[in-house]
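You will see chain A twice below: alongside chain B first, and alongside chain C after that.
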Partner chain A sequence: MSAGTERGRFADVSIQEVIGWLLLAVVGLLVLDLVRQVLVGELPLGRLWAFTWNGIVDSLYIGLAAIGLSMTYSILRFANFSHGDLITTGAFTGWTAAYLVGGIGIAELSSRLLLRADGGAQPGAVGMDVVSAPIAIVLGLIVAAALTILVALAIDRLVYRKLRDASGITLLIASVGVALALRYIIALFYTTDTRGVVASSPQWETPAFVPIETINLHEATLVISALSLIVGVHLLLQYTKLGKSMRAMSDNKDLALITGIPTERVIFATWVIGAGLAGVAGYLIVLDRGQVTINLGWFLLLLIFAAVILGGIGSIYGALAGSLVIGLTINLSLVWIPSDLNEIAAFTLMIVVLIFRPDGLFKGVETA
Partner chain B sequence: MSERDSRLPEPVSNAHDRLKALPQWQYDLLLIVGVVLATYGGFAVLGLLGGVGINSIVGFFRTVTFYAAVYALVVLALNLHWGYTGLFNIGVAGFMAVGVYTMAFLTAAPDATPAGLGLPIPIGIVGGMIAAGLVGLVAALPALRVRADYFAIVTLGLSEIIRLALLSGSLRSIEVGDTVYGTGGGSGIQYPPVDTIIPWLLERPVIGELGELLFEVGAAVGIQRSVILGGLYTAVLIAFVGLFYLFLSRIANSPYGRVLKAIREDELAAKSLGKNTDRAKIVAFVVGCSLMGLAGMLWMGSRSFVSPDSFMPIITFYIFVALIVGGAGSNTGSVIGGFAFAAFLWEGPRFVRSILNANLNLRSPPTIYDAFVELGSGDLTPLVGYLVGSLDELRFVLVGVVLILLMLWRPEGLLGHRKEIAAATDLSRRPSTPDRVAASDGGEPDE
Partner chain C sequence: MALLEASSLDAGYGDLQILDDVDLGVDAGEYVTIVGPNGAGKSTVMKSIFGLTAYMGGSITFDGEPIHGKRPEEIIRTGIGYVPQNDNVFPSLSVIENLEMGAYILDEVPEDRLEWIFDRFPILEERKSQKAGTMSGGQQQMLAMGRALMLEPDLLMLDEPSAGLAPDLVDDMFDRIDRINDDGTAVLLVEQNAKEALRRCDRGYVLVQGGNRYMDTGEALLGDEQVRQDFLGG
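Entry: the complex of A and B
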């Protein structure tokens, strides 16, 4: 976070810089206190590791979703409030596919098709975990990405394409409408009940030389899938022509147009990547948490926004770094505050960072 | 109040001309009353044709009027932020929560859990407004430094911080001496409802006599005392809508209001002309927030407790939908938008459901799968039954679709042409003619 202080302008020490220094001081004090707590023995190392690990897991799925949000923000130039519901779409469609395949011959079609809306098809009975039904789970992952992409493209065709030249706020308001409509169309089919859809995660007993005793295989699936997708996006953006066009468009749309970059194709690719990652994120969150609800994505949306803003809108690496900060904040803050205040810590951090560095920690592109 | 829209469809051009010649406030008032009466008339005809009892129609009107009034209050306050100043505040629910919780704390009985200060309700209301304004001030100072879309997310974040803090177990109960104060966590704070002010008012000299008269008339027609008391509270709300309207229109037409509009259109230009835009924005934000606090207190007025669940972020979006339906930047539009939201998007679908339930023998199958299975065997009613049964979900879809269609086809809303005259005198207006004098006394509307 030390990057936040070096601004190259020493002439005017503004209030923003004062707040920036204060924030750094607070973070520094907290780190010192963390060291003290560990040394004194107030905080067992195992607990610190658990917080950090949970923080990394949280930041991975937040990061997957944040990439898409950041891309739509920089290329389509609006804050997409329906991004959270793309996550929900991925969760429901993916797990429906997993149930349809994994539950053949075990559960009723109606329970599988509506993802246990009628209470049938217990996850344990169907065997919904990565060891018992690996093919169904992987298939679900692919379907989650594919169907979310289709939904996003359909929405783009119906709504956003007609508003390409509208202001960011008009698009933002339209996206709120999309969010409401999409979420409650899902609810119309799947009902608003929260329900468990994943069997409890199988544990893998590690060999004796590894310091961690067991590995939660669902969490491991989440981490591996998310990391490989992030690396994939990185390679795509850095080494393909498409990636170069996307970066060009998020840097300067007009210049990109003049250079002959096909904007609609880039926007298409934006939705494919962004929505695909959002759908996968939703699917993996359910794999990790075990429960699905129509508010899954909506409740995560503000955290994802916080991550994107922290990193600086338009920068995908910034969004990932922001996700790491947010993920670690909501978990490591538990050292000092009770668990029902941890999101407050994350949102406060977002607001404070916005004040002292309106462009995010890692300068993003101007989108207004 | 130069909110006149020539695009309003008027069937008779003559009547239209006469209406247009009316003073602005009369025209707007007639417009609002006309919309309300036309809507009620339409629903009444629909209900009577659909075989809904007169009692449920009247009950429907009462609910709609109540929600229309409270939505109009918040929408008017939000219009000061978004419509006039261009501040995209999506933390409305949070500011309402601050107002209501402060009032609950000030007025709750000292021996309750969590305890309050036991002050009279008017002091609680003033305290709530001040608190909401102060939180607005704290939010405005940093938030105004960031861009419009960031501002939106900052305010949303703030409203979530407020709600989560009220919900959290850590602030649930705070012991000060022997008394336990606090937010009560998820179960909230018990406090005397605001509408107990009505019986108190009825004990005052003149109002009391008028009230007695009203009760006697009511008794003669056969309306119960409790129904009249409920109606009186709604009347108080409508009076507040009028006050908000006057106050905000006064602001909009003052030199200060012109600065606000200039900020909305082009802040840099306003700044270049030597206007202190930062101060103007902060004042507008604080005033709007404290009005939101007041609106929240009046909204929760007939409840005797407040809990964080009443302030989910979705509330903010309802208010935005209402504002956008009516048209941002128009106070008349805000009132009509609040009414249209309450009547058509919020309570209307329920009314339609009661008509359908009264006429069709509908049963709701447990899942949509069963409905489709029966549809496959040629029976449509289970699917209709399922859809009617999932009306709450469909209503959200409706709100979302309306929002999208408005953005696609009419982003300025019904009345939000957003071209209020910024000059002190309206240069485009015709000089007043004898016509106008004649019209102001004979301008009966065509209703």
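Entry: the complex of A and C
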């Protein structure tokens, strides 16, 4: 073998691929190290399970938000940077509703209406947990979805509808503007202070035959709500006329038009579903974390984008799978790195995937 | 009275005019072909009839009603079915879902019509749950025709249905179009495969540079020395 062909072969490998293989090797080593740590008892199984469980919980709310982001991408054909602030909208509107109802006779109306902007109405005093105030919490969930939908439809009417035929880049930039406007309109009323709004979660002591000793009821609420919504969206997309027309339009807008599918109605439904899920995601994140902040959705948006891109942008099943990968990655990486750096792991993984599968993990497998 | 009648039609895209003074008619149950060189505006005629281009003048009537300037979702209700040349199925939807989308404007999927289509395209029934994007080009073409036939149109417009098909499938495709026409549906066909199309049709138009140059029965056009030399390759 001559030196010439050898050099020729090296030239076939691009810099990206070299980096990709290196990163992949690191990921492989870490997986081996994880197995080693468990085997030698360095990492107790209980902790591994806790990381995994937190990963699943995170992936569920990321997934709820990712469905909407993926849908707006495939049906309206743009990357919606205001999606994160729809999540924030859901968090604030939903919890305001929960406080308005749950805090009747306990706290000042102003403290409830502005969601503790004045520091009044302590969550513990108001009894903001699913056992003490189940009706307020459920009502808040519904209001979070409903008001976020209304906000998204209003934004569509005011901004995006005028840009229906504009390029994806124009729409993307418009959505960044919408994101900022929306966030600071919320801040105008609710201030930029981070604050606790949920009382600590009640624990359910499980019967003896269940392997887990206690169940965090707020986490359980999140998991059950998110799973039912995901199943609901799946059924809607696969078995209803509306869902099929949404998939048709995401496949080919021009053909949808000449088939007689009312494209504006499909866009309307896209906002209703996407924004509704985003609002619910925001509300449930606060239920799980206990705190609400103006940057809630914005900070989450990058992870949601990562999930959507990992799965193959435009496919909601890909987005859900991508969410699971991201959720597990940011939590399992805590075995090695501190929690304020764990998003590095998610984005590194995203880079590896994009180097080897530029269309995402699941592109071409399943689209909707 | 003609089923479809375009007179002095001017149309194009944006500011660019493609069709200049086109006259074209299709009678009920008739089989009409448009042939002509590349870029003559054959596809544009169909898109214009279906409301997908910028209308610039003249008139189009269907069943006596003017349809120029109407939107596609209105035109589909008048009884015109349209199969575009490319990307004419929804790839991630199954065969049956593609057909259901063809009947979107109806409240319910017409089961008897579905049977009628399965009878003409048995492969579609066999592959009912297969994703359209995974089928061969010929099968996708049949699905696209099936989809356009779901609303029992009086006129079916086909834009180059034989494009990209293996040679042995081209004859089969023409036979199927004959059968749809024999059932009473008028057909307006744009074809690259000009000789075969003219042999099969009742009447043909030769379109050149956005205007119609010749109109006659298919046989007469095939026999015309000038047409043969200029457009059919001798």
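Please note the rule applied: the second predicted complex is superposed on the first by the 333 of 368 C-alpha atoms of A that agree within 3 Å, B and C clash if a C-alpha of one lies under 4 Å from a C-alpha of the other, contacts with A are read in each partner's own complex, and residues count from 1 in each chain.
By definition in this document, contacts are C-beta pairs under 8 Å (C-beta built on N, C-alpha and C of every residue); 3 or more make two chains touch, one makes a residue touch a chain.
Computed from a predicted structure; not experimentally measured.
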item	value
Superposed partners chain B and chain C on chain A - clash or fit	fit
Which superposed partner A:Lys241 touches (first chain B, second chain C, both, neither)	second
First (chain B), second (chain C), both or neither touched by A:Trp49	neither
First (chain B), second (chain C), both or neither touched by A:Asp254	second
Partner with the higher number of touched chain A residues, chain C or chain B	B
Touching partner for A:Phe189 - first (chain B), second (chain C), both, neither	first
Chain B versus chain C as contact partner of A:Ala166, first or second or both or neither	first
Partner chain(s) touched by A:Trp336 [first = chain B, second = chain C, both, neither]	neither
Vertex chain A angle, Cα centres of chain C and chain B, expressed to the nearest 10 degrees	90
Partner chain in contact with A:Trp204 - chain B first, chain C second, else both or neither	neither
Contacts of A:Leu302 with chain B and chain C, given as first, second, both or neither	first
Per-pair minimum CA distance [chain C against chain B, superposed on A] in Å	19
Where chain A meets both chain C and chain B, residue numbers	367-368
Residue ranges of chain A touching chain B (in the complex, touch as defined)	16, 78-79, 109-110, 113-114, 117-118, 159, 162-163, 166, 168-174, 176-185, 187-189, 191-192, 302, 305-306, 309, 337-338, 340-341, 343-344, 347-348, 350-351, 354-355, 358, 367-368
Touching residues on chain B, where the partner in the complex is chain A	88, 142-143, 145-150, 152-154, 156-158, 160-161, 164-165, 167-170, 317, 320, 324, 366-370, 373, 387, 390, 393-394, 396-397, 399-404, 406-408, 411
Residue numbers on chain A that touch chain C, as the complex places them	241, 244-245, 247-248, 250-252, 254-262, 366-368
Chain A partner contacts - residues on chain C that touch it in the complex	50, 52, 72-73, 76-77, 82, 84, 87-93, 97, 100-102, 104-105, 147
